[in-house]
Amino acid sequence: MLAFTLRRAIQAIGVMLAVGIISFSMFRFAGDPVNQIVSLDTSAAEREAVRKSLGLDDPVVMQFARYFGNAAQFKFGVSYQFRQPVSSLLAERMPATLELAICATIFAMVFGILMGVYSALKRDSALAKIFQAVSLIGISLPTFLIGILLIYLFSVTLGWLPSFGRGDVVRVGWWTTGLLTLSGLKALILPSITLGLFQLTLIMRLVRAEMLEVLRTDYIRFARARGLTTRAIHFGHALKNTLVPVITVAGLQFGSVIAFAIITETVFQWPGMGLLFVQAVQNVDIPIMAAYLLMVSLIFVTINLVVDILYTVVDPRLRSTIRRPA
Amino acid sequence: MSDAVVPHRAEPSAAPARAGTGWFRRALDSDIFYSFRRSKLTMVAATVTLLFFLLAIFASVLSVQNPFDPAQLQLMNSRISPLWTADGQSPFLLGTDEQGRDVFSAILYGLRISLVVGVLGVVFAGTLGITLGLIAGYVGGAVDGLIMRIADVQLTFPAILIALLVNGVAKSVFGNRLDAMSTLVVLVIAIGLSFWVQYARTVRGSVMVEKNKDYVAAAQLIGLPAPIIMLRHVLPNTMGPILVIATINLALAVITEATLSFLGAGMPDTMPSLGTLIRIGNNYLFAGEWWIVAFPGFALAGLILSINLLGDWLRDALNPKLR
Amino acid sequence: MTNPVLSVRNLEVEFHTRRSILHAINGISFDIAKGEVLGVVGESGAGKSVTGLAVIGLIDPPGRISGGEIYLSGMRIDHLPPEEIRRIRGKRIGMIFQDPLTSLNPLYKIGDQIVETIRTHLNLSETAARKRAIDLLAEVGIPAPEKRIDAYPHEFSGGMRQRVVIALAICAEPDLIIADEPTTALDVSVQAQIISLIKRLGRDHGTAVMLVTHDMGVIAETSDRVAVMYSGRIAEIGPVQDVVQNPLHPYAKGLMGAIPTLAGEDKRLVQIPGSMPRLSAIPNGCSFNPRCGFVFDRCRVERPEPIAHGTQAVACHLYDAAPKTAIKETAA
């Protein structure tokens, strides 16, 4: 178990190093950092001084080590657009994104599992067919179109829900939350649905496929031969076995949810990291782009690691093969 | 020596073996064509997809104006609602936007841009992926390890993030003011770099299987160079799965392009794709001018949906096991 | 006379496919008495397993019981609503499947699976059920059951897992156990142990056993009576001694000829030429007629019904007294 965790951790560090190199290359080579700091009429000598002070004439390996060291302390340099440290910009925006991503994931998990189980158990019912059709549309509609459609329906036409922003937020320490105010909660609904819909269809399809697969297995047939109630078979045995791979995928998807939040945040002008990133891409604000890449990768890698470990907790077969390597 | 020994009788004959050489012949001859004709939905999807391609190709013939030519736009024609509404005006079937641009014409031209970027993106991703997959599978060893590790890492990141980063870096390197054509090239590259992994994995997998077969050894023996062996002998065996991936990828590429353009990191307003049109139209939604965003949205959704349906059907038809 | 534990009358099972209806079981009848072991033997596809599943009510669509009756201790059970047949499954009929490796849910401890089954059928508390589970594990020969009860299926060997499966099948003291190829997936050395375990349990509890297998050797060792199945029909049924030593049906003769014996090393093993027809292409008349060495015209048009012949019953026109047959086999 320990060896396994350690091996996965080393892999994770490897990935972070690779991403770090990309991020550093962007930071260092895509656009000269000096030009971003000095004004147009700065003399060559002054430029050279700035270059030296930034350590840009050190060997590349050393620069990378320094960049990585800084990044490890969440120092990502200064944003070209905002003239503020990138780390404080990101920290300010992070709660918005995380709250949105978590709400979207919960929405996707709850409805995805319910709809998936239903369409596996009542395969030929009309509702299951509707779910299947909706899932195909959910996969085919680009996220931003879904967002626009929801805004048109619930904000423009019906006027029930706000179309942009987070509503009123409450500051809890350094974290800002929209979960504690009515307007904050209302503001969360449409973006969460928009962001979660794709994951929902994914989870629903996966649950349906897995559940159908599990229902065909010998141990389910044997459970039926033992006279267990349909309820116990479906929700005790089949569901638990179905959820093992589903947890993995849903967990791994959380990283993508954060990345996909870029689109949702743009549609709803949600003040999160994704919106910051899009503005950075539009305005070529390399430090923010590089830092965002690093942050998202860190979240990705951490989640992968956690999911891997969680998986072994849920599935006893893996636990023992890991405990006693063959 | 038992009394139960009985004379042999012929068993009921097995189904006649189906003759067929080559993938294409088998495809036409086998269940594919049958399943195509059987599925009404697939036929509709195929027709709609074809229609979209034709609309894009003949955009300049079918449209009432060239929406990219400012000289043809008249501000007095701005914000006209669709023809069937009370304020509709001929010839603006789907209405006009605030610059007096005919929405229908804009959709046709935008469709053209979307499809060009999508198709080129898929071709680029396919070429890159197939090449890297062939190399990884055939050469093996450290090269294989390196290519596949990169693929693994990249696969954990959503394509849209990679495409956005490529776009941002390109802007930074070439300066913020790229002209429309260069943006198109950057988009194709960004999409290509985001989607090569699946091709590489598939091709590599089947190269690993094929390269140990006798006919490859025979080809090596008569001294055919490796690239020829791979292209002429190994690659055709993977065409089925590649076709499936490419079809589904086309839908993804169109979505990615539209998303990038919507986010303002894609095609500029002067040469809008469907995504750009939706971004522009979105600004008028609150003013009640729904048609500026709705029709490009419908076009995009219909295009993606029909390509997806086609891809789903193709996947099931080519490989029933994947169901 | 008391009712037999299981009584099957003219059972028919069919499967609806896109192209046609396949008749997997074509009118079979048999009884199993209390404490009796009935072996059901035949090639794969003969309908042995489907018979077992039909009895326990587990024929799923596209399959269905299309005719006949099934009685459990005199009570008809083939037309029961799902909830009622569910109560019978596991309580009055226990089932053992072929592959112990896949019969147990890998994510649950075996103890939990046994306790769950016990508590579904018997009104016992959690602790009482657990105690019973330990006793059952001991009875089927699991060493240190009080420890092993908290182990997961993958921590057992194949043979031990099959013992757990058997414990699950008998945990509510059923009247009938259906064992579907219970030893096929096991090592030869373990097979004998499992066979003797099933036999012992049947004897100790007076349970009727329907033992489905393609292994004539297992039947000869275990069963009181044997039914030989061929393409959805019972070709011959009778006391195991008689059928083995004096098979009547040409197919049964071939089958018995295929058992290796220690006494007859000089004899070559016999094989029956051809193979069983697929369900989609069952010939008219007797389904064995294309492979039969004694075939005559009637076999190609008329389906033979079982005819009593001493202690045995055989479905073969050769033994029908009415028409004059060309070849007469002596049954002495």
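Order of writing sets the labels: A, B and C. Residues in every chain begin at 1.
Please note the rule applied: contacts are C-beta pairs under 8 Å (C-beta built on N, C-alpha and C of every residue); 3 or more make two chains touch, one makes a residue touch a chain.
Just so it is clear, the structure is predicted and the values come from calculations on it, not from any experiment.
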| item | value |
| --- | --- |
| Best-connected chain pair, where connection means C-beta pairs in contact | A-B |
| Centroid-based (C-alpha) most distant chain relative to chain A | C |
| Centroid distance [mean C-alpha coordinates] between chain C and chain A, Å | 54 |
| Chain A-chain B separation of Cα centroids, rounded to whole Å | 25 |
| Residue ranges of chain C in contact with chain A within the complex | 56, 58, 82, 86-91, 94-95, 97, 99, 102-108, 116-117, 120-121, 152, 154-155, 165, 168-169, 172 |
| Touching residues on chain B, where the partner in the complex is chain A | 153, 156-158, 160-161, 164-165, 167-169, 171-173, 176, 251, 255, 258-259, 262-265, 275, 278, 282, 285-286, 288, 290, 293, 297, 300-301, 304-305, 308-309, 312 |
| Residue ranges of chain A in contact with chain C within the complex | 217-230, 232, 236-237, 240-241, 244, 314-317, 320 |
| Parts of chain A lying in touch with chain B, wherever the complex brings them together | 15, 18-19, 26, 30-31, 136-137, 139-145, 148-149, 151-152, 156, 163, 252, 255-256, 259-260, 262-263, 266-267, 277-278, 280-284, 286, 289, 293, 296-297, 300, 304 |
